[in-house]
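Common to both upcoming complexes is subunit A, partnered first by subunit B, then by subunit C.
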Partner chain A sequence: MFDLFSDIFTYRDNALTRIDPRVKLLIALAALVAVVSAERPILPFGFFVLCLGTVAALGVPAKLVALRLAAPFSTVAVLVVIHTFVTGTTPLFTLTLGGWTLTAKAEGFRQGLFLGNRVLGALSIVLLLGIATPAHRIFQALRGFRISKEWVEVAILMYRYIFVLLDRVGDLAAAQRLRLGYRAPRRGLASFSALAGATIVHSFEQARRTHDAMRLRGYRGTMPFGPFPALKRRERGILLLGLAGILAAYAILEWGVAG
Partner chain B sequence: MIDQRMPIRTILATAVLLCALPSPAFAMHIAEGILPLPWALLWYAVAFPFVAWGLRDLRRRSREAPWFKPLVGLVGAALFLISCMPIPVPTAGTCSHPSGAGIAAILIGPWLTAVVASIALTLQALFLAHGGLTTLGANIVSMGVAGAWVGWGVFAAARRFGLPWFAAAFLAGLFSDWATYATTSLELAAALHGEGSFTTMFSLILLAFVPTQLPLGILEGFLCAGALKFIRSRRPELLRAVPEGGTS
Partner chain C sequence: MRAVDVREVSFTYDDGTEALAGIHFRVEEGEFVAVLGSNGSGKTTLIQLLVGLLKTNAGRIEIGGREIGSLEAEELYQRVGLVFQNPNDQLFAATVEEDCAFGPRNLNLPEAEVQKRVTESLAAVAALPLRGRAIHHLSFGEQKRVSLAGVLAMRPAVLILDEPTAGLDPAGEAQMMQLLKKLNREEKMTVILATHSVDMLPLFANRIYVLDRGRVLQEGPSEEIFRHQEMIVRAKLRLPYVSRLMYEMKRHDGVPIDGLPLTIGEARAQLLELIPKEMILPGIEESGS
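Now for the complex of A and B:
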């Protein structure tokens, strides 16, 4: 899981990373609302193709994308199976399992696929947002939208120290492996618990040091976020264009305005 | 529509089929886009008061101890990492991840666990495709509310009944994990059962989680107890330093 947690692509210079994060957040939110309120599979699938195509164009390795999508894909598989065998009335095929006969139904299979489409569509939007925007800028943008400053402050600290602690945990885990700490299941569990305990102990110690360092730099209980500049004309244009595009796609594909 | 008179053996056979899929090992959080908009909004509304109260708690404690905010951030980062550590689940032949809600609730209390969970889940949704932004409310409720409160409640009750702290921490980890998955199943079944039986859908999803979550809960119990044992043996004063935490 640690291998997936990489924000290196968010620091590349491209057309998407240059856009104000508030604009990207609003467009992503509108796209997510459109996808989860869609009643036909075409709109979510359209977003999936568009976002995944953009991710590929940005040069993100296909392996990383596939790894990130693996977990949600498996959740979708469960939902397709449940719906196929439990929902609907029109038989599709039968399956014999240890003397029990299961009948797959067409309506359920369609419902499962629709759900799967919705997951892929929504997921690809968030994937693109996460690849085009660094975490600290997303949190800054959230503060710009009046999200609680305590929440944003803790989020920024958490994000910063995940990577600091990750290095420490990596060293500890390597030392445990060298001492054959994971050779047997029981010993592995004890090592794993010690690793978790050591991580927490280290986080407590680091918290004191971090607070002292922050105080020396003028921290008096709250982080200053400063005034947020108004959106530039170009960014207002991108926002309007994005929202209009989503609305038009929804109107055409869901309400059938064009037809 | 789900057949209301579906025989129990069909439910069981479907559950057996589901056990062959690897998904429950990763299905700690509801994936992006699964919940329809009204359900997504409802779970946001349910989660909101818990996170808001947690933030109020954070403000109050930060006034008493100025280093408390960095502490919550750091403990949150540690718990995020612990929740990403792979645990092999022998019954599924794959790896899964602890939720960390039980140990978080013991260390920083259930209100702050909701805050930390909301941040961790946001990061996981954005950078790991684990959970989602539309399902964030539902995932906060299952992990940061149900998991945290059950873990904290079980720990407090077990200590009150005189159980040793190791056993209390084990039970807290175990039940907080199971509570997280039971709530996730409930949220999924409530949103997806359509015009059919909620009970059938709930049973199926719950059964799909059983092969991994039953052993994972036990492993999480040992992890919770083992981690606390480590802290108590090496730096017991750290547990006392957390004001109003479950272990102080």
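Now for the complex of A and C:
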């Protein structure tokens, strides 16, 4: 379960992790806009292939990628199923479920696939960004774009303490299991609610102590951030190139302005 | 000058637990003082009072000659720094470097000075190579040292540590104590630490306060503290193992041991005097300690 949050890859040194996070964030944003506004399936699918390919090239194990994509994939599946049975007119096949007759329709199926394709395209972009950039660098970049201080601060603390809390909850759950807390469903429910309660208490306690510790180092309600150096020439080049590439792909694949 | 002066201080928690009852506690500038006490004796409570996290019910606390309540936060936290027992409470940033820079940036120092302090404090705890690492990828011992660096970057005159060696392996424990000794002897930093482990203290602490159920049982240099066997037992503590051995040999076997050696070095010197020269094999390598 904790593998899901593994971020060791973001600390590796490679061509992508070396790029300024602001550049990566802007390119990712442009790519997201392109994918979400695309009218044809080819562009989102292209991003999906490109991003997953890059992730694989960076040496990220397939297991981790699968773990991260498991939830979105099931969402997409549900999306496709719902659309297939709800939208459209041309019948594909009919299902009878306990007196209910469900008709699958071609238009709905196609639309579901199209939407799912977009979702996966967008998610693969976020996945790549998350694998090429440590979380704190993303937060830093957000600060660089003058996103509200409070939000960035909350995000930083949440990100840091997810790991602490996961560790602690994992230990608590293991301790419960070792004392047969999940042996029967009834007992399992009781153990689980005790675990949930303990987690809340732990987070409050943790927050209080951390706030104390921060105050002792001069915290007065706003987190100080380091300065932002101007983007280097090379980084500006990468940014321009990335944006131009996305625009070109969009022009060719969406507007059909093939050269 | 007096770094810390605690007079007749009491503290009772909201639920009625009397954690401290009229204690006196004094630390001179440049001293290395240990607060020794069993679980629940009030060490953490005392420490939290010293940094202003708790407010006294009765009594007076002075830090560097000024009443603690009259000090602005910014002033107070450059006079006293606290290293928490659990590094997770303290390390909140994503990376080592950012955590260390937190304090100096709160002081509005120029960025060059911030970086200088980060480098110096990480170097002081032998953690420079960890600079770019993510906090949640560090081992417990590394986290302990990094949390110390984060406090050192504030350049406090008085460094207070709650159980700095708890949870460390023997090498980590020795390293931590050596680091603290170096800060104390070379950087002239006043060090106060709370602990219940007795074996290392005689090597490092100038003075020891023994705390039991919210009261100071005894105060003095380690030779004097550990001479009072019954008091040590009453405080639910023990002698350092080497002293215990010498004590038993003296008491039960009649070995004429002078006073009570507290460190291996002292014990060794005494035993060597008692063993006849001709019994000692020649040619054995001279060891350092």
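Keep this in mind: the second predicted complex is superposed on the first by the 242 of 259 C-alpha atoms of A that agree within 3 Å, B and C clash if a C-alpha of one lies under 4 Å from a C-alpha of the other, contacts with A are read in each partner's own complex, and residues count from 1 in each chain.
Throughout what follows, a contact is a pair of C-beta atoms (placed from the backbone, for glycine too) under 8 Å apart; a residue touches a chain by one contact, two chains touch by 3 or more.
This one's a predicted model, so the numbers in the text were calculated from it and none came from an experiment.
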item	value
Partner chain in contact with A:Leu157 - subunit B first, subunit C second, else both or neither	both
First (subunit B), second (subunit C), both or neither touched by A:Met214	both
Which partner reaches more residues of subunit A (counting touched residues only), subunit B or subunit C	B
Touching partner for A:Ala62 - first (subunit B), second (subunit C), both, neither	neither
Which of subunit B and subunit C A:Phe225 touches, first, second, both or neither	second
Contacts of A:Thr199 with subunit B and subunit C, given as first, second, both or neither	first
Which superposed partner A:Ala135 touches (first subunit B, second subunit C, both, neither)	both
Subunit B versus subunit C as contact partner of A:Ile8, first or second or both or neither	second
Contacts on subunit A seen with subunit B and repeated with subunit C across the two complexes	7, 135, 156-157, 159-161, 164, 206, 210, 214-215
Parts of subunit A lying in touch with subunit B, wherever the complex brings them together	1-2, 4-7, 28-29, 32-33, 35-37, 44, 68-72, 74-79, 81-83, 85-89, 95, 97-98, 100, 102, 107, 111, 115, 118-123, 126-127, 129-130, 135, 138, 148, 150-151, 153-162, 164-166, 169, 185, 188-190, 192-204, 206-208, 210-211, 214-215, 221
Residues of subunit C defined as touching subunit A within the complex	51, 53, 73-74, 77, 81-82, 84, 86, 88-95, 98, 101-103, 105-108, 111, 114, 132-137, 150-151, 154
Subunit A residues within the subunit C interface of the complex	7-8, 11, 134-136, 139, 156-157, 159-161, 163-164, 206, 209-210, 212-220, 223-227
Parts of subunit B lying in touch with subunit A, wherever the complex brings them together	1-3, 6, 9-14, 16-18, 21-27, 30-37, 40, 51, 55, 58-59, 62-63, 66-67, 69-82, 84-88, 90, 97, 103, 107, 115-116, 118-120, 122-123, 125-130, 132-134, 192, 194, 196, 200-201, 204-205, 208, 219, 222-223, 225-231, 234-235, 238, 241
